[in-house]
Amino acid sequence: MSLFEIASVHPFFQLVPLVVFLPVLGLLINLLVGKYLGEKGVGAVASLATGGAFAVAVLLAIGLGQVSEGATLTLANWMTVGDFSVNWSFRIDTLSVLMMLVVSGVGMLIHIYSIGYMHSDVRHNEDPGRFRRFFVYLNLFIAFMMVLVSSDNFLMLFVGWEGVGLCSYLLIGFWFEKGADGIGNAKAAKKAFVVNRIGDFGLLIALFLLFHSFGTLNFAEIFEQAPAIAAAAPGAIMAITLFMLLGVTGKSAQLPLYVWLPDAMAGPTPVSALIHAATMVTAGVYLVARSQALYVEVPAAQNIVMWVGALTAFFAATIAVGQNDIKKVLAYSTISQLGFMVTAVGMGATVAGMFHLTTHAFFKALLFLGAGSVILGVEHGHAQANQHAEHGHDSFDPQDMREMGGLRKRMPLTFIVYLLGALTLAGIAPLAGFFSKDEILAAANEKSIAIYALLTAAAFLTAFYMGRQLLMVFFGKPRSVASEKASESPLLVTLPLVVLALLSVFGGALNLPGSHILETWLEHTLEGVTPGHFVLTVALISLAVALLGLLLAWLVYGRKPSFENGQPDPLRKPLNGLFTALENKWWVDELYNTVIVRPYDAVARFSAGVIDQGIIDGLINGMGSMVGSLAKAWRRYQNGYVRSYALTIVVGVVLVITYLVLR
Amino acid sequence: MSLGSILLYGLLGVVVAISGIGLITSRNAIYGALFLVLNFITVALLYIALGAPFIALAQVTVYAGSIMVLFLFVIMLLGAEQLPIAEPIRGQRILAILLFVAFLAEMALFVMLRGSPVVAGAPITPDFSTPATMGTLLFEQYLLPFEMTAGVLLAATVGAVFLTRSPRPERKSALPEAQQAGKESS
Amino acid sequence: MMPMSYFIGLSILMFAMGILGVLLRRNPLIVFMSLELMFNSANLLFVAFSAYHHVLDGQLFVFFVMTTAAAEVAVGLALIVAIFKAKRTIDLDQMSSLKG
């Protein structure tokens, strides 16, 4: 319906285009007049734009509280080609508004954090001019993410999907001339984009198949027709869902396309927090949740989704145990938690999945921002320590956990919030992470024991590696001069951390076993939602497993004498070869490189060198040189002798007479 | 066709051929010119046999009489040099002879295959072509070509004079640049 | 009367010999004389046809051909003289400034 009609449904609903247009306005202002605003001004504009989007989302939520079926606002017709017609429409319902709230809420906090963080970061990297560009990209990302979650058809969703992929590329490669060999960051950005492209290819095929089978790309129309089409052509729906799964593995970093996420840590920390923890990577989960109507028709596809998620959860958790970079641990943790979410929506426990998505956004953003605060502090310490020495950054890595230690005394506030975030990720009651993870485990227990076992093992490892990280970073003695002299971060940085910590602690209230607020909220949109149970045994087992993991971590890393600088990791001796495999991420990147990248590179080189330069260019150049040599040959006849010209004339005469004779 | 006329025509034909060959193969230009004169006179005899006395005499007077004399003058002026026999342009000789043979063969083929038999008209009478009849035809029917030919001759005369004039004599002038320009233009 | 083919054959022969002379000789005077030979062959053909068809126009045309040939010879010889004055040679192969 149009803008006027929708005001009559509920007055707040007409504000929905602002969730996209406010961030766009913010980015335009920063782009055009940002240079005159100064750092604080640019940051304020960007944060206000996102904050405005959050406010609109809150109003929409209030409106939905009164009109719970929601509505659809059609802004414009994008294209109509024959039978195919796509509108730019906004879908206001509980699922999309939930996503809007998460994205804009966490996004706003991260914007505020970034003002303080980037202030130091651009100085550390010696390019203050880049501050403005960062906020332009961040607002662009929020705008595209809003397009993704607010669309009412698959094509607009794809537009948003691609847009956030682009912003991810731009932001990962923000310091594009830095990184290994001066090109490492750019290569990481390129890897993210290319791997995502493979996933996007899957999603695109799914869109084609959807149009072919349903004749439309509109959510409402497709989900209505789903049962009928599934009865008529089950193979088509199976293909659609599986191709969509390919897109999900790309965007949400599941097996086998997760490899871009750890490399994406090359971007600034707020980027990792916003994009690669809280929002973009959840787009895949959102897609599956939205398309539940399709997935329930094909239980086989649901099984596959479930297994992909569970295996990823376990696999990534193992790798996280062996990592030494503070952000890489969190990256693999993100992949693992996304595995939990994908398993949940695959099983049909959509509410559990969305609940975990929300709480994960809170505590993972908190952890990443906290890590950023730690990194800032260590960098300050390093700068202070080397004040008299020359200005070299190369050999010192501020993100290496082996160089940290004892920071709880130097950065107390960061320590407290980080501890809270780590505990909720590990799943300790009554923090938010416990409730959301527990719901997923309960649903898994009902569905399949094998899945339940995998997820529980992943939960155990989660607790273990978070404990390891806490102990290595904050406890014990400082292992380098930089950590000795580390200092607490400014208020702009720590304030959002506090807000996120509060959300992580109390966020469980969203879907407590008794009240199930979120479930009733989402029921209006998602049909056939499996109601969540609270099974006491499952809850107690998961709590026990988490505590066990933390205890084991303390046993290995926490006891005195603590882990000194230069010593090998305490896990290396007992696990030996296994630990090397974990440290090297099971050599998956190397495997991909040999099996896929190198042959492809060879083919590309062949095509460029032999085919393009050799054959095609050779053909064209050959034609040119052929003309040249023909001309050189003919030039011999211009010898200037009148008699040979006369001869040519006579030859012509004889030829003409021959023709006349023979005619 | 009596034997005598056949012999006569045959002889004339042979003379024409031989004088033609003589022209194109003689190394001395004077000999070539003389061969050509022989050719013209023989052809004039053929004209008489064909009932065109006026043309025959015009041939002898104009062609053999004045044009060949012109040629001889110029040959004498230019000191007829004997150019070397070797042919500098590759393939010219062979190709020329080849084309000669091809041309002859083709024309022969053409005449034999296509030539419609020419029916002889009435025998030639002495008053077929007289100066009077020629003149009447010329000035009545072909007046325009006649005048144009006159124009052509005028143009030829002027052209010949212009081509062979000597450079203008230098004139004394007040300004040395004009004198310089005068020198350059000559 | 001789059959027409005799005159046609003779005319063709003279024409061909004229072509040969133009192509093979390097002395421009001989070339011009070969040209005259070719003119003559055409004249012969005109007169022959005029006699056979009993029409006078052919002979009249010979008249025009002759005058034009004379004009052409005049100009041509003047040209040769002028070139000789410039180049001191009458070898046709030396006149190759159009080369290239």
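Should a chain be cited, it is by its letter among A, B and C, assigned in written order, with residues numbered from 1 in that chain.
We take it that a contact is a pair of C-beta atoms (placed from the backbone, for glycine too) under 8 Å apart; a residue touches a chain by one contact, two chains touch by 3 or more.
As the structure is a prediction and not an experimental result, all values here were calculated from the model.
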{"item": "Path length in steps (a step moves to a chain that is touched) from chain B to chain C", "value": "1"}
{"item": "Inter-chain pair with the most contacting C-beta pairs", "value": "B-C"}
{"item": "Whole-Å gap separating chain B and chain C, where each centre is the average of the chain's CA atoms", "value": "5"}
{"item": "CA centroid of chain A to CA centroid of chain C, Å", "value": "94"}
{"item": "Separation of mean Cα positions, chain B and chain A [Å, integer]", "value": "99"}
{"item": "Interface hub residues of chain C, defined as touching at least two other chains", "value": "19, 23-24, 26, 93"}
{"item": "Overlap residues in chain B, where contacts from two or more other chains coincide", "value": "89, 92, 96, 99, 103, 107"}
{"item": "Residues within chain A bordering two or more other chains", "value": "639, 641, 643, 647, 650"}
{"item": "Chain B to chain A touching residues, read off their complex", "value": "89, 92, 95-96, 99, 102-103, 106-107, 109-110, 113-114"}
{"item": "Partner chain B, residues of chain C touching it in the complex", "value": "1-10, 12-14, 16-21, 23-27, 29-30, 32-34, 36-37, 40, 43-44, 47-48, 50-54, 56-57, 59-60, 62-64, 66-75, 77-82, 84, 89-91, 93"}
{"item": "Residues of chain A touching chain C in the complex", "value": "635, 638-643, 646-647, 650"}
{"item": "Of all residues in chain C, those that touch chain A in their complex", "value": "19, 22-24, 26, 92-93, 95-100"}
{"item": "Chain B-touching residues of chain A, taken from the complex the two chains share", "value": "639, 641, 643-644, 647, 650-651, 653-654, 657-658, 660-661"}
